[in-house]
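Notes follow once the structure below has been shown.
All chains are identified by letter, namely A, B, C and D, in their written order; residue positions are counted from 1 within each chain.
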């Protein structure tokens, strides 16, 4: 078990290694969510435009 | 009434173009050369500026104020101020030239004269270069002439003053050119002063770095040819690319 | 005519369906490569003789730094194509790139600072590479700021396109002048932020992470691209079945 | 050398979500004047700006002398004069200075021609006052003086008679007649009809 705790210590650099990995992982997840949301929003706008044109045309 | 108009219109044809049989479609000998066009664009901006002098004074007043902030905030001791003087002189010059940039094209876009430049058949790049040259003559050069005063107030030795004038003069050429791109790009934006700074400052950092270094060397009496040459190189790069980008940005904002 | 593939790439409906189809082909390999790279970098690779386990930050810093520059260049090229040939899809690519590039530039900044901290003893050091990264972040913010400030999409596309091209010309100049400036004031920092000469067991995970991040970028780009293409389409009928699906 | 004509083929233009120009097509040859009418927002100004190649149509082309205007934009711009809603003048300059800087950029103009143009539009008396002290009608007349000086085959005029009194509107009609007599062409967007004195005007109606 102690190899796990030794792993997490990162040779004493844990305070720097893990925040670095956390911020990068956050960047990856944020990009995924952000991209999907912007796609969904664009589809919704397109649907609304079509509906509006539906009555308009 | 119409016969009178015809007679006057004919006189228009005779006076300025040689052959009276000149039809509008024929080769237009009266076409102004591009240099003539650029000269007129420059002359117009200079005349406008001198007619409303307050715009000339504002960047200089701003520069003086910014310079004054540092002794009051750091310390009155000239020896300590001398150390930060290059940064103060250059950051102040950068921000002061930014101040006047926002209205470089905005007034012309508003009253339709910029549109006439784009439709003139003359190279819009040359006209943009002319307007940017006017901006430099009206802000960059005066700032360079005022930098020694600001320098003295920061304890800069008199021997360093010529070096400072030259470095700010050359550096501000690049600043005006880089700024002209930002000014043209933000034409379509209403409150654009913050955005203009965000676009222009990152691109101006090399000028700031080499300029401050040149001023530092001038103060310490060292050889300042190298940084000034780098400043000149940035100015030449700006001369070739910036008017092109500014012309493209203006055409985009007129679409 | 050889140009047909080029013209098909420029047609929004074709791009929309192609992007939708290709996304998984980039997303899954990216995920696998990143996981494998993490495993290799964190577990298999031996600690660095000088920086110990602290060096493992390179497995997230180097890919982020690579992304920040690669994405900006991609953005500038797409913008140039859009401006020169007036292709809306190219502008849509450029618009999609910006947020991705900005987020990884920020990640590169933070991871770079965290990596340098044990050496420098401070959280921020005006190291030439970190300073260039910070300026690159401002270039991204300027691009996105200009794009947001212009309501009309077409004008925003073309104006930000000019800014991206001007920006990419300035990136090497900024980097050179920052490095020149830094060499004046300090001896070059001892820490090797650049790719150190490291053993294969250390290098392989790094290459995996670099490739993984790049594939991840393409996957996210394809997702965003579909949205951007849609928002630039006005009346095309093809939207009907795409949106209702 | 192709004969001088303006061909407009199937122009389509969107402003935001509004389909402003819907397949506009027409041809104009020497001596013709096309009057573009339609309610506000029907795209009159957009049409003129697209004809002047300031704006880019989504579809369709504009041809000058049989050649796409984009092929040689500088030559096309050299052959046209565009007057927008606002006279392109600087308030801090006099009428004479404005003309010298505005028209001077395009062609060399002698002072006699300048005086003749100012006289033509009745600006002789106040041509040295700053433009910002002039009335809207006077500013419009200074713009017309610029038009007369330009001597170009194609005029694109956006509501040229706004702010003009009866005599001013007649001046516009005379200038257009003069332009047509010289073999030039005019496309003008108008709210109310041009003075009756202009005969056989061609008409293009833009729907809202």
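Keep this in mind: contacts are C-beta pairs under 8 Å (C-beta built on N, C-alpha and C of every residue); 3 or more make two chains touch, one makes a residue touch a chain.
Given the structure is predicted, the values throughout are model-derived calculations rather than measurements.
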Farthest chain (mean CA position) relative to subunit D: A
Chain-chain pair with the highest tally of contacting C-beta pairs: B-D
Chain closest to the assembly centre - both centres taken as Cα means: B
Averaged-CA centre spacing for the pair subunit D and subunit C, given as whole angstrom: 48
Whole-Å gap between the CA centroids of subunit A and subunit C: 15
Euclidean distance of C-alpha centroids - subunit A vs subunit D, Å: 54
Approximate Å spacing (C-alpha centroids) for the pair subunit A, subunit B: 43
Overlap residues in subunit D, where contacts from two or more other chains coincide: 17, 56
Subunit C: positions in contact with at least two other chains: 152, 235
Residue list for subunit B, restricted to those that touch at least two other chains: 255
Subunit A residues touching subunit C - in the complex, by the definition given at the top: 7, 9-13, 16-17, 19-21, 23-24, 26-28, 30-32, 34-36, 38-43, 45-47, 50, 53
For the subunit D and subunit B complex, residues of the former touching the latter: 4, 52, 54-56, 74-80, 82, 84-93, 97, 100-102, 104-110, 112-113, 116-117, 119-120, 148-149, 151-153, 170-171, 174-175, 177-178, 181-184, 197
List of subunit B residues in touch with subunit D within their complex: 1-2, 5-6, 8-9, 11-13, 15-17, 22-25, 28, 30-32, 36-37, 40-41, 43-44, 47-48, 51-52, 111-113, 115-123, 127, 251, 254-255
Subunit B-facing residues of subunit C, complex: 83, 135, 138-139, 141-142, 145-146, 149-150, 152, 154-155, 158-159, 162-163, 165-167, 169-170, 173-174, 176-178, 180-181, 184
Touch list for subunit C against partner subunit D, complex: 86, 152, 234-235
